[in-house]
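One chain, chain A, appears in both complexes that follow, with chain B as partner in the first and chain C in the second.
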Partner chain A sequence: MGLLTLLRKLKKSEKEFRILVLGLDNAGKTTALKKLADEDITHTMPTQGFNIKSVIHEGFKLNVWDIGGQKTIRPYWRNYFDQTDALVFVIDCSDHRRMDETGVELNQLLDEEKLAGVPLLIFANKQDLMNAMGPDEVTEVLGLTNIRDRAWHIQPCSAKTGEGLQGGMEWLVKNINKS
Partner chain B sequence: MGEQGEVYISSNPEDAKVVEGFRLEHMNMRDADSGQILWESPADWEGKFFFQELEAHVPREILACKSVSREVRFSSVEKMDDFKLLQKIYFQGSCFEEWFFKFGFVMPNSTNSWQSTIEAAPEMLPAEILSGNVTIESNFFDGERLLAKSLIRVFYE
Partner chain C sequence: MFTLAGNFYNWVKKKQEKSVTIIVLGLDNAGKTTLLYGLKDELPQADVTPTIGFRPSKLISGKYTIQWFDVGGAKNFRRVWQSYYPEVHGVIYVVDAAAPERFEEAKETLDKTLESEGIPGKPVLIFANKQDLDGCISAHELSQKLGMLDRKDCCHHVANCQAKPNEGDPVDPRIGKALKWLLDAIEKDYKSLSERVKKDMEEQKRKEKERKEAQRKRAEEAKAARLREQAE
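Our next item is the complex of A and B:
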């Protein structure tokens, strides 16, 4: 699939699209994006800043911003909110201990004025692990059904195997086109 | 000979702190369809990027790829508010293409990467003509201030 295919599906009323990918450290943000581009994921290191993937097709641009999720750099997330067309929030569903922390960070993002109304895709990642919470359980624990001010979708996936990634991105493209 | 780009590092005292902590770490090129790395900057390029023209020996198969991804990884000790990269591609003495990207905010003590995927032009010149005659100049800016330039001469082998 890859990002180029996604860009081809985007409505052509705008010249440039920006997708912001956030989540706690070790959620699998960078791995998911590498996997979408068929890249080797074995040497993925914690992101100490940002990783951007840009694709250009017939004058149209898609920029995907993956920002590091470590606690010390989360205060910088706000520097990357401007002009965001879609938000992807990645969750390590095997990390039960940090599900509360995940909820706190997600709710803060939902309260951000600059991200108001921006479609939200939640990747319920690490479904390849035995102890991973399923999407229904994550929805309940995080109270996602209370989100009423934007289009949102939870997509079970494994960034490691690639399963579910394409489906999630397709939802995102459809919903960028609606907004 | 015409224009072919140059290396540069700002000697403006105002930029000194940012420049001192700014490093170009790594570059690579991939076949964007397979995700496979076709070329990456050798380890001994580290620390040389802004001081001398460097030679990249790239397998000529890259010219047959339908789309190619180029990645640049850089680190910065200092925070930057309006970081930008302008890449100029020179061939036979003139600039025939420019790629620009505005990063904006760069965190202090961060390592960051930008990967850009571009579809190949429908008609590509043969490797024999391009090889050794293409240079890529990368200009790094914070706002309007030019911090540094790197220059890479590309050989297709």
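Our next item is the complex of A and C:
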């Protein structure tokens, strides 16, 4: 193998990352990813399995796995944990009644050995809705301040309007495990 | 004999190792995240973004393993700071010394921190940051503005710094010097500080376990209620 090919290979493997997107059903995961990829978001259906999308951001290739969040699908989340470089957790901030359920699911993820130390981006989604909880409130309700073993960032956003999505991705690219 | 000597060496080494946790606080845009690079003797990344969350990092320096907590300084985020207080040995408070319009806010925020549970008795290092900017004030002037000049009840030190070096310049040596002050202050009181931290952290862990348990229960109840509603 020539030096150039080797370098190219190295560069490629260095720059491709696996991102896992999780969250309860209806949180807005698929909508957020479609919006980031500039696709039409009007007919988003609940995800029954998973979608993979490749997003190029500042020269990084992010292979993003969008997994369905319905209760019946959640037990399968763990099939996707291997070699995750960053975890994105999407929250419907207007769904106050399910905040506790959200917290329970997130805590379980944080306890997963395979996801230990993986940086966590939280999309505090649906900020376009009047009754949406702000990121500070979500931080408190979910007890995010108890996390010590990884970097986390909470990004207020609206998958519908696209606001905040880029900011979140920027944080992700900077804080991803690059080793 | 060899094993024995080895063991003895390890024992001595262990005895000297000290783990220290330091939190970096200050208003948004003060330069906390930028300064953290300097504290680790690294040049800052070109484009830091506002922190809305938490970034832990580690540094081994001599006999210290330092655990750093970088948190966001935006107004609505400051209330989460206190969750970290029980486990820190010392505090770094960063002020943008070239933003006079925010000195009052910086003072109020510092005062509140110094009074918060988990802080009194712990050393505080204050940085008058952005010394490269026009109109910046010196550490001494800042100390006065923050009402720290004649505060005897709080072990503190105020230092000048430029967290973001000019293009091509090395890390500001004043940062390492000031950090040494903080580590020395912690060292002097290490035994009682670390006992206090240990005790407070156990208490915190217990509370957190309770909180998680209560959350799990509430989630189950909410789910049951939903199922009932759907059935009706």
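As a convention for this text, the second predicted complex is superposed on the first by the 155 of 179 C-alpha atoms of A that agree within 3 Å, B and C clash if a C-alpha of one lies under 4 Å from a C-alpha of the other, contacts with A are read in each partner's own complex, and residues count from 1 in each chain.
Going forward, a residue touches a chain if its C-beta (ideal position, glycine included) is under 8 Å from a C-beta of that chain, and two chains touch if they have at least 3 such contacts.
Note that the structure is predicted; figures quoted are calculated from it, not measured.
Colleague: Contacts for A:N51 in the overlay, against chain B (first) and chain C (second): which applies, first, second, both or neither?
Modeller: The first partner, chain B, only.
Colleague: When the two structures are overlaid on chain A, which partner does A:R148 contact: first (chain B), second (chain C), both, or neither?
Modeller: second
Colleague: Looking at chain A, does chain C or chain B touch more of its residues?
Modeller: Of chain B and chain C, more residues of chain A lie in contact with C.
Colleague: Contacts for A:N79 in the overlay, against chain B (first) and chain C (second): which applies, first, second, both or neither?
Modeller: first
Colleague: State whether A:G164 touches chain B only (first), chain C only (second), both chains, or neither.
Modeller: A:G164 contacts neither chain B nor chain C.
Colleague: So, does A:A37 touch the first partner chain B, the second partner chain C, both, or neither?
Modeller: The first partner, chain B, only.
Colleague: For A:G134, using the defined touch cut-off, is the partner it touches chain B, chain C, both, or neither? Pick first, second, both or neither.
Modeller: second
Colleague: Do any residues of chain A touch both chain B and chain C, and if so, which are they?
Modeller: none
Colleague: Contact residues on chain A for chain B in the complex?
Modeller: These residues of chain A touch chain B: 2-4, 34, 37-40, 48-57, 68, 73, 76, 79-80, 82.
Colleague: Show which residues of chain B lie in contact with chain A when the two form their complex.
Modeller: For chain B paired with chain A, touching residues are 30, 32-35, 37, 67, 69, 75, 101, 103-107, 109-119.
Colleague: Can you tell me which positions in chain A touch chain C when the two form their complex?
Modeller: Those residues of chain A that touch chain C are 97-98, 100-101, 103-104, 107, 122, 134-136, 139-140, 143-155, 167, 170-171, 174-175.
Colleague: Write out the stretch or stretches of chain C touching chain A in their complex.
Modeller: 45, 49, 51-56, 76-77, 79-80, 83-84, 208, 211-212, 215-216, 218-219, 222-223, 226
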